[in-house]
Amino acid sequence: MLFDIVDVNSSPSLSDPWWKVFYDFSSLTHKIDSSLHNAMSQFWTTIAEMLIIGVLILLFYALIGLFLVYAERKVCAFMQNRLGPNRVGPFGIFQTIADLFKLLFKELIPIKNADSFLFNLAPFIVIIASFMAIAAIPFAKGLHAIDLNIGVLYVIAVSAMGVIGVLLAGWSSNNKYSLIGAMRSGAQIVSYELSVGLSIITIVILAGSMQLSEIVEAQRTGWFIFKGHIPAFIAFIVFLVSSTAETNRGPFDLAEAESELTAGYHTEYSGIKFAFFFLAEYINMFIVASIAATVFLGGWMPFNVGHWDGFNHVMDFVPPFVWYIGKTFFVIFIMMWFKWTFPRLRIDQLLTLEWKYLLPINLVNVLIMAFLVLMGWHF
Amino acid sequence: MEEKVKNITTDEQQEYVINMGPQHPSTHGVLRLVVSLKGEIVKSVQPHIGYIHRGIEKMCESITYPQIIHLTDRMDYLSAHINNEAVCLTVEKALEVEIPDRIKVIRTIMSELTRIQSHQLWWASFGMDLGGLTCFFYGLRDREKILDIFEETCGSRMIVSYNCPGGLMYDIHPNFQKRVKEFIKYFRKILPEYDQLLSGNVIFHERSKGIGKLTLEDAVSYGITGPSGRASGFSCDVRKHEPYSAYDKIKFKEILFTEGDTYHRYIARIDEMWESMNIIEQLIDNIPEGPYAVKMKPVIKLPEGEYYQRVETARGELGVFIISDGNKSPYRVKFRSPNFVNLSVLNHIAKGFKIADLVAIGGSLDLVIPDIDR
Amino acid sequence: MDKIQLGEFIKSINPDLEIKEGKQYIEVSIPPSKLYILAKELREKEETQFDFLFCLSGVDYGQDLGVVYHLRSTKFDHVVVLKTRTTDRDHPQLDSVADIWKTADFHEREVFDLLGIKFTNHPDLRRLFLDSSWGFPLRKDYVDDINIVTK
Amino acid sequence: MASNQIMFILFAAMIIVFSVLTVTSRKILRAAVYLLFVLVSTSGLYFMLNYQFLAAVQLTLYAGGIVVLIIFSILLTSHISQKFESSGWKKNVFSAIAAITGAILSIITILDYKFSATTEAAKEVDMRLIGKSLLSVDYDGYVLPFEVISVLLLATMVAAIVIAKKSGPAKTQSPTLNQE
């Protein structure tokens, strides 16, 4: 079934301690699914489940967006010897909500001679692409909207579609800066997708599966970044670099390089349409960070060390969702760190980095990893 | 299908012309660059200026000499003190007034502080041009410290107007020496941080080395002075060649490089900050006692003749050319402003580079637009 | 070369010139027709090598319009001031030196903009600061009741 | 009606509507965007059939790859004010004939084929199986087509590089913007 929210394969075993059972969301989702089935027909169950998932993801999306904007402002403020937002609410935590209202109420400026259909469509394509990607991400055991058996491929495929929105936005604004920004962004994302894909494939070889839940499950004995020796670590670094580039964030933010192109592809956008681009950028960052966390850092798996049973028990006690969020924000923090310390690259350097360095490194890395797996040299 | 045919056009029409400015984040003011592009490659840059042309030279013809000082602040507002000094020196030279050492030393210290704060702001905005937004806050943070010193002594932070013909407006604040020494101590520790943040970065090296090369010959022919000219090996430091104020009494290096690319224009300014700190350290403990101003006539009238004074501002050589007909206001004043001349080379060195390089080159020339327009 | 030697040297190039020893620099007054030739010679002669035109100012002398060139040699560090003036106020024309010193390009445009002196052979003589609806504000007979507050 | 049928009708309607829009739109970039919708809806159909691998490949290659390339080349060559001229009636008639002939041919083929009904549930595609059959040299192995395609792609890339490197006359270059 397409809208099967239940991960059937892994039902909790009774021997596990109570908190492991408690933290397993598959029983909860099972229960909801069966009670809905009892109450109504198959058709309405599907509709109801779609609604529940949709509303939950929307809520999560909005919350994450709001929080990431706040986090970015605080992180950048601390890196720049500033305080950051500190007026609206304690420590300025309601600043982004105030910003949200500002963006909502701002005038949508119609652009003369713009292709208004595409101009209005573009932000939706960008945001829908990120919506679709977030559906496949496992937040905790049994807590994901769809568990495709090609989950990794799906996420890469869907997140790549956002670039179409960027290209459309740049072209339909009828603005030269926007067009240059869109061209840059197109060239950049199309190239860096390769590296993102290849670095994940390195881990897929190690995991032997493309299903995100299985990849996480395979890391029960150790995170892939530790399991896969040096190749996994190289893949992680390459993934960090290329995913930063794919999300158009500094130092790869050429598409919206404000000192060169004022704001690049979203120069002409205002109000809520601009907010869509803005939000999508942060959600894309969240998505790539959570893929990094899932594929390299063990997803919602706790941090366990060999035979330190006491330590491991304490770690197990922390809910998996917290682990997952913690790892994701760790990666996000690294990406913010990049942005606020490095100067921007130039377009030719950006492409050189990808085609002359990252891609060959990646290909060799895949080979080494395949060799390691064949020889059984990994942990 | 006919439209397709129409669309395939001649070489000339293929140029993609964009207007950078007058309101653009990288032009730092109301400078408009009409940039012809081919792809991302810059074919030509035509500066269009005059958006804040105030006619300072014309205004000077109807006001008195002490009043001119206050207009010069508004030219290169980052080198306000040095601009003031230039006019004062011209007037003093014309009247053949002997200036006591105390005034000379204080002027020199203030000039060098001005130079440091100007370079700090340049570093801040240059980092921002290259996309390193953190630089901006680092640079401004340290600049505040100098502005605080200015505020205490001059009563004003940026548009200081501290010089007047015959000396200074007021004596230095009692805390002045202490605070300057504190600043030097602080900034000697902080300046390596600038290197860590920007000059040591690989991306920065890639972005700036070999970009916008200016040969020595072109630098001289275009008259590029200041750190930009010295990065090309053009020995043009007025402080060395025609020492004024206290510069003949102190030891300092003229920062010279030969490469003349964006990177060396950058390094030249960083090194100049070190050198300025050396100059201040030589002088700050040895400010002689004496009056802070010479008694001048209430109405200053320059004898008939032509007077030319060159000084070294943070951006290059500022020339003040006064033609006097013996009245209390000058007959003609010409300011040879360094930015105006430095701007003229932009097309020459930015050609053939990418649009991102144009921003870097423009940043490395350190243009201040009000000084271009006057 | 010091000021006196420099004056004598320039005299040897062209004996008709009026050479005055100013307070700071040696000043050479030259008719517009001979300006370009002398400038080129000063730039190229081994003994002078005035390769740095550090200031070019247009001046309205009342009757005449003139231009003052401040030249310096980066090798010998000596300075000479060339002065030229034209009596034709309606159609003032001078030779451009933009091909000798590239910095003259912008300076001459500025002079053209503010004083209305045309420079022949200038590569790109357009107005620089102002648009074409303005007069030439640095001229002494320029009247503008709205924009300029006179004493 | 089951939810599956509703979804199918939705996707089918989207495919038909956007296909028609793709060929009738007078603005080239809009046509490309409609094509994108067609391809995405098609991948939706694959998802319904549980052919997840095919669906993801459809999204990556067609929606993410080919449409991006098409849009990219449109960006390079065309201007926003550009519109297709409406074609003459002769062209219309001939294309209508061609389209109807094609449609009849495919309908005949589909009707000819004996679809055998099955009660088995749709099988989950095993990724390992796909991977193995892609590289297998057995009777139904795909290694030969795989290799042939890779050689073809290599040749295409070499040709593209040769064309890009050759600095042809100015006429062949695009008027708006050249990525170097």
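Chains: A, B, C and D, in written order; residue numbering restarts at 1 for each.
As a convention for this text, a contact is a pair of C-beta atoms (placed from the backbone, for glycine too) under 8 Å apart; a residue touches a chain by one contact, two chains touch by 3 or more.
Only a predicted model underlies this, so the values are computations on that prediction, with no experimental measurement involved.
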| item | value |
| --- | --- |
| Partner chains that chain B and chain C have in common | none |
Groups of chains joined by contact, in the absence of chain B: A, D | C
| item | value |
| --- | --- |
| Centre distance in Å when chain A and chain B are each reduced to the mean of their C-alpha atoms | 46 |
| Intercentroid distance (Cα basis), chain D paired with chain B, Å | 59 |
| Chain C and chain D, separation of their C-alpha mean positions in angstrom | 69 |
| Intercentroid distance (Cα basis), chain C paired with chain A, Å | 65 |
| Where chain D touches two or more other chains at once, by residue number | 176-177, 179-180 |
| Shared interface positions of chain A, touching two or more other chains | 180, 348 |
| Touching two or more other chains - residue numbers and ranges from chain B | 16, 40 |
| Residue numbers on chain B that touch chain A, as the complex places them | 16, 18, 24-26, 40, 127-134, 136-138, 141, 197-198, 201, 203-204, 206-207, 354-357, 359 |
| List of chain D residues in touch with chain A within their complex | 1-3, 7, 27, 29-30, 33, 36, 40, 47-48, 50, 52-53, 55-57, 59-60, 63-65, 67-69, 71-72, 74-76, 80-81, 124-128, 176-177, 179-180 |
| Residue numbers on chain A that touch chain D, as the complex places them | 2, 42-43, 46-47, 113-115, 117-118, 121, 148-150, 153-154, 156-158, 160-161, 163-164, 167-168, 170-172, 174, 179-180, 182-183, 186-187, 190, 193, 208-211, 348 |
| Chain C partner contacts - residues on chain B that touch it in the complex | 49-50, 53, 55, 57-58, 62-63, 218, 220-223, 225, 234-236, 241, 305-308, 310, 317, 319, 321, 323, 329, 332, 334, 336, 340-341, 343-344, 348, 373 |
| Contacting residues of chain A [partner chain B, same complex] | 76, 79-82, 176-177, 180, 250-251, 253-254, 257-260, 262, 340-349 |
